[in-house]
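Each of the two complexes below includes chain A, the first together with chain B, the second together with chain C.
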Partner chain A sequence: MRDHSKRRTRLRGARLLAIALAFGLIAAACGSDDDEDAAATTAAAAPATTAAAPATTEGADSLEGTKVTVFGPESSDEEAGALRDALDHFAAQTGIEITYTGARDAADQINAQAAGGNPPDIFIFPQPGKLADFARDGHLVALPADVIAAMNEHWTPAWTAFGDVDGTQYGIPNKSDLKSLVWYKPALFESKGYSVPGTWDELKALSAEMIANGDTPFCIGIESGPATGWTFTDWVEDLMLRFHTPEDYDAWVAGELAFSSDEVSGVFTEVLDLWNTPGMVFAAGGSIAATPFGDNGQPLVDNDCMMHRQASFYAAFIPEGTVFADGSADAVDTFYFPSVRGDQPVLGAGTLVGAFRDAPEVWEVMKYFGSSEYAEVRQRAQTERKGGGLSGFLSAATNQDPSVYQPLEQSFLSILQNADVVRFDGSDLMPAEVGAGTFWTEGTAVVNGDKTVAEATAAIDDSWPQ
Partner chain B sequence: MSSTVTRSDGAAPGAPRPGGRARDPAGRGSDRLGAVIYRFLRSIPAWVLWLMVIIWSVPTGSLFLNSFRHRDDQRASGWWTSFTEGNWTLENYSDVLSSGQQTGGLWQALLNSFAIAIPATIIPIAIAALAAYAFAWIPFRGREWLFIGTVSLLALPNQVALLPLLQMFAGGAHWTIPGTETVLTLFPDFSLAGTATAVWLTHTAFALPFAIFLLHNYISTLPGELFEAARIDGADHFTIFWRIVVPLSVPALAAFAIFQFLWTWNDYLIALTMLGAAGENYPATIKIASMAGEFGLREHLLSAGAFVQAGVPMLVFFFLQRFFVRGLLAGSVKS
Partner chain C sequence: MAALWGAFIGVVISVGASAALFWGTHRLFALVERRWAIVAAVSGAIVGAAAGALLSGIRSGPESEPLLAGSQLVWILGGAAVGGLAGTVAGLRWPLSAARIGAVQSRLRALTFVGPAMLFVALGLIIPLLRTIYLSLFDKRGTDFRGLANYGEIFTNAQSLDLSGWSGIFGSQLFYGAVVLFALMAAIALYRGRRRGVRADFSPGTVGIGLGAGLLLSFAVFASLRGTVMNNLWWVVAVTFLSTALGLLAAVIADRVKRESLAKSLIFLPMAISFVGAGIIWRFMYIARPPQKNQTGLLNALWVWFGTLRPSSGGAWAAVAVLAAVTVLLAGLCAFGVRRRQTAIAVGSATAAIPLLWLIYRFVGPGVGGSVAGPNDEPIAGTILFVQESPYNNVWLMVVLIWIQTGFAMVILSAAIKAVPADLIEAARVDGADERQVFFQVTLPTIVPTITVVMTAMIVLVMKVFDIVRVMTNGNFGTQVIANEMWQRSFTEFNLGLGSALAVVLFLGVVPVMGLNIRRMQRGE
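Presenting the complex of A and B:
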């Protein structure tokens, strides 16, 4: 009896051991291919919260085999693929292993990664406001002097200012979008006897003439999923910059000039008066708020409308097979969104890179992101990946070889590089509660006619964080 | 999905219902109302149900049709125009399958999905089955309170724990004993952040309360005489568990396995949070969502991507449907 129970106990022990072993094997099998990546993430996980700027990064001779992780919101095959091509080009020169990961929700996810102690080495910020938040929270490392010097060789102060947080430089511009553009078909304009407007009043007169001729002047659609309304905010921002001074614009973005002030609500009214003019707008989806912003390319090509105000990246949304600015009958071109006061302000947007880790290899990659070489290599790769047409990428870095850009893109570049007044998309600079919240939603409400301008602007002011 | 719904519902109107009326004693108001509602529901013809099935399936069906249309067609017109226009293409599917070659493409992402979903399915079942047996059939001190505590964890939303978990995976968990300099390491720093292990560990942890609850409800209904007989024959707890409980619990185990596999396969948030910038470990959900690009430039690929992503769970469902339907009844009747 005793012998029997002893044997049973031994048997039971063996079984338990077998279960433990089985679990161990499963865990090992599933974990084994992660070892390599674990090394990379260890490097990434190293805390990088020192805000003090290191004096220099010199003496970084042997970077062979070091690893740098880059994370960002550019994720499609063309964008992320070309970005990787450009980084591979640099990796081949320096021996640094650079991995880029693009995820559509990267801009939301970076908060979790920074808070969770797992930030990438470099993040591509789609909004300067976000970069400033991370810099003030002590997550980002300020740029060392030699990195700033390298950046200044390629970027004008108008652009580097977006990476400046309270007097300290944290970000390097990486990509530029030009927003003050109107897409149109030159040959159609010519055949109908329309001329490109040079001022806001001329634009309004041209629209009235088009309506009288039975043409629809604008294609407008502001639907964009959870970001519905951002196209409306772009119009408001562009006109804020035209009706008022850059200083007023800065005060508005900083929250010092209220939405309900005469200046801002006047611009709201100006935009809505134009859009609400009978016959002014072709909305493919039935109403402006129900038309996806990406659906305005087809009606422009089909002559359902004459003009469409949208940023330079919109080239990628215009149907395949369309030619750009080559003088042919169906070619699509752009003109500069006309000014009001005679100056030529430019509304821009783009991405900035910021570093979470202070290491020589990280600064080398940061310098490369700010160089014209990066812009050229990436532009070439992205054009190739798009298989013709416009790449959708644009960089305002100076000293670039213009031949990597197509003629239309070159005209964007000359607008960007020569602008005296460049202002970043205001909603990207405002606190997220407003810039990615009420400005969009209340803007959509006034476009729908659900609210008056006074109600909507007051609601936006109320939502501004104190 | 739809075939199960229609089969069970569609058969109902013709099936005889013995005892349905006899159980309702006449004269009680609420029962008479119940009988009226019951008769009304029984009188709905099958074609109405079919109509509902069709309406219910329209969004999925239109997504499916759109996945075979060119980008500019998708942007220019609705899916219904495709019947007259034709112009079908497989381009979206080939684009989806060939995208992201630099990081291993979609095949790698599907493998990553399996690397997350399989351990996240097997491990909680193994642990939960043992725990459920212990809770149901091994008397020990504090059993009731421990069980109540475990099941209460069902109410904990996993979102609130994501950041602490990520911190734990990235740097371990340490606790300084108040008033002293001693630091206790509660969880060592294994550098798990960015690995598939971090993802399935998280899934496992959050699956356990529900798994234990479901399996306990089933296992506790097994007839106690079986266990007594087994014990008289000299079986220990492990033998009882392995020889009696597991074979009898297969429907419940399989049902939970299917649920858990579908949840983890379709998970986006936990994977993205735990993986962060480790793109080479992304499961298919994140890869497909990211194909659309920063401004939604290639949003037209999402419909095709959705069906590639849904293909695997559909296969799992159709092959294991038998268990699925039976498992829903787990614990409701003694067998």
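Presenting the complex of A and C:
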């Protein structure tokens, strides 16, 4: 009995071994692909490292061959391409291998990456509010003193303050946008007898005059995929800064002045009254909510509308071949979005870099991101990639060589660097629930006529995290 | 060369590892006989360690410690110690009787084969599920316990559940349409019943009218009761019902046409398009351009072109002539149906004629389509904002999924129809059944199980609808659904608590349907 069972077990053992062999072969067949891939990448990586070696500068020897990963929201060929060009320029100097990955929804993806424990070394934050969230959650590394010193060489306190979280510096500005701009065609204005408005009331009077003449004053569209509504928030922010004091603006952004307050809901109403005036807006199906924000450049060039309020980066959305501010008949130029109270406040925006890893090579790249050298190299590359037109890139870093910018871009820079009151895009500073959430969605709802201003502002206040 | 060498090493290692695994199991069988207590202790320790790892894994916050260190190690070692002790005690206390050796060995053998798969299921499904449930009870970063507050927020927030418009149900045309159809159904059923001497007789046709009425009623309800949860239910009801119904219709018709495979391929084609792709395609179908410009969206282009055919213009008369010809044709078909007592044909052609008559009236009378005369008599487009106008923009979004899923329903139902035994149908024919009776009394009852499978599969899929909404509106304009809400809460706002709670709600909605499906499958075996 016992003997019998033993023989059966042995026989079964042999069978099991045969199965094991079969499994092993299958597994090896599947697995060998990876081995080949791994071998191929190692082989490919080797020459790249040696190629960078001769360019190594003194003092950076220890960083030869180190790797830094950068992740950010810029993903178009021109923007991400120019960013990579600028990083390659630094990589060639130092021997650091820098890889940039861009994704349109990077601001969403970074949450999962950080929570999953595999964040990039450096993330390009499109919103200071997000940078603050990450710093407070303990994901980011505070800047060391030497990096702060390097940053202060190139950036004024007005800009570095956006990377300051509760008194500790975490972020370095590396790109700036000027938002308080209205795009228009000077020659067309002249031929129609319109003059550039200097105050908000003049702007409204001008619009009424245009409507009376059968012209459509504004191109406006707020559709932007997952970020639909941000154009509306820009208008609200720009007007908040005009109808009220900078202090009110700061209180509003910090959550101390409610959306449902008379100040903020009054601005909502001001924007909507203007937009909803019959004949005011050139839009898809007559609906601002249905018009993609990027589709406003063509009608401006085609004279379908007279003006378009949008940031400096909008140059990238104006059809290729358009000339800018050279006095010719079809040239497109900008004027300052008029003020209400006489001061000249400026609404700005931009990106900040924050580090997830504390290593010398990471800090070198961080320093580079904050330098005027980065801005110049990037601007040159991006202008080239845009075929010589406006690049859409702008940096308020000081000590830059102004010749890399075209005259119109230089005027943006002088506005940015000389304005007394500069405030950052409010929705970018607010908590994500509001700034990338209800401010957009509820704003879209009021623009689409689904909600009243009172309902929408109350809903935004409700969503503000306690 | 290096690659070849690597492959060789891979083969050796894989074979070796597999052999070791199987040899180990084989030795284990022998051990079970002789050293039962040791086996019990070791398996107890393994189970304990796994449980410890599981518990510590579910508990750990976003900033997890490195693997196998700190408190995690304590949990695992603690689990192993407790489990090992329990195993030893159990092994010594209840020694293995000779009779049960075989049973234990066969269990072990099964475990050897199922174990790796179970491990992956646990890693990929069970642990994330438990962790999601755990996180749903906590605040946004998973640190402070909130109990069921997240769930409360989902069902009390007006964004996700807004029942304030309930009175609107009774004012909508859809509601009156449903009431009329229900009344019609009841009248026909009562009339047929009286002829047969029973209280009420529901023929398949009357049931069909009732289903249509139910669908209209559901639209009236969902257009008035708004919010994310309601939208999801609307999707489930409308897409599941319409895709299955249209799929069945296509399957039945395709069964009778000459180029069956071609017809079916065309209807099945959208299945090959991803949801994101379909969303983008349909955005172009629905797009409206500025009124002063040419319309490039197909539907708006047609609508505006209709509008340019002013009443009593040449184009309008041509359109009326064509429409009238088709109407006369339908009238003839209706008369034919009445004469041959084919109610389906009679009712079908009469129903199809109604919109045509309406179009003729609009062409002759007030005009149809979206175009008004501008100040200089130039046509200005009056476009339809398919995607922006709530609440029926939800229906236009559902059309996309119906377009995709009809093909799926058709293929499965077509196969089921073909699988109905030919002798059954032949027997029915010999007994004098006509086509309609064969379908409703033989084919349909036979394929009911397949219809159920199609519908349950569809419900699970529709419940999770995400891509189409994300691409087309991202939940704006009152089209939010639970899956997209979950994405926004979890990843845009990084509110882990609320996001997880939404995921659990979705999961709880899907589970009963899945359970039903699995039960059915097991019964089928």
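Keep this in mind: the second predicted complex is superposed on the first by the 403 of 466 C-alpha atoms of A that agree within 3 Å, B and C clash if a C-alpha of one lies under 4 Å from a C-alpha of the other, contacts with A are read in each partner's own complex, and residues count from 1 in each chain.
One rule holds for everything that comes next: a residue touches a chain if its C-beta (ideal position, glycine included) is under 8 Å from a C-beta of that chain, and two chains touch if they have at least 3 such contacts.
For clarity, every value in this text was computed on a predicted model and none was experimentally measured.
Undergrad: Tell me the contact category for A:T99 with respect to chain B and chain C: first, second, both or neither.
TA: first
Undergrad: Which partner chains sit in contact with A:A115 here, chain B, chain C, both or neither? Use first/second/both/neither.
TA: Both chain B and chain C are touched by A:A115.
Undergrad: Which partner does A:P73 contact after superposing on A: first (chain B), second (chain C), both, neither?
TA: first
Undergrad: Does chain B (first) or chain C (second) touch A:A290, or do both, or does neither?
TA: second
Undergrad: For A:P226, decide between first (touching chain B), second (touching chain C), both and neither.
TA: It touches chain C, and chain B stays clear.
Undergrad: A:P126 contacts which: chain B (first), chain C (second), both, neither?
TA: After superposing on A, A:P126 lies in contact with chain B but is clear of chain C.
Undergrad: With both complexes overlaid on chain A, does A:F282 touch chain B (first), chain C (second), both or neither?
TA: A:F282 contacts chain C only, not chain B.
Undergrad: Looking at the overlay, does A:A432 come into contact with chain B only (first), chain C only (second), both, or neither?
TA: second
Undergrad: Which partner chains sit in contact with A:N448 here, chain B, chain C, both or neither? Use first/second/both/neither.
TA: second
Undergrad: For chain A, which residues belong to both interfaces, chain B and chain C?
TA: Dual-contact residues (chain A): 12, 16, 19, 23, 27, 31, 38-40, 109, 112, 115, 117, 225, 284.
Undergrad: In their complex, what parts of chain C are in touch with chain A?
TA: Result: residues 2-3, 6-7, 9-11, 13-19, 21-23, 25-26, 29-30, 62-64, 140-141, 159, 287-293, 300, 381, 383-385, 387-388, 390, 470-471, 474-478, 488, 490-496 of chain C touch chain A.
Undergrad: Which of the residues in chain A end up touching chain B in this complex?
TA: For chain A paired with chain B, touching residues are 8, 12, 15-16, 19, 23, 26-27, 30-31, 33-34, 37-42, 44-45, 69-71, 73-81, 84, 99-105, 109, 112-113, 115-120, 126, 224-225, 284, 292, 294-295, 297-298, 313, 316-317, 319-320, 392.
Undergrad: What residues of chain A sit close enough to touch chain C in their complex?
TA: Those residues of chain A that touch chain C are 9, 12-13, 16-17, 19-21, 23-25, 27-28, 31-32, 35-36, 38-40, 107-109, 111-112, 114-115, 117, 133, 137-139, 225-226, 228-229, 282-287, 289-291, 299, 304, 432-433, 436-437, 441, 444-445, 448, 450, 459, 465.
Undergrad: For the complex, give me every residue of chain B touching chain A.
TA: Touching chain A from chain B are residues 71-72, 75-76, 95, 99-100, 102-103, 115, 118-119, 122-123, 126, 162-163, 166-167, 169-171, 191-197, 200, 234, 236, 238, 242, 272-273, 276-282, 286, 289-299.
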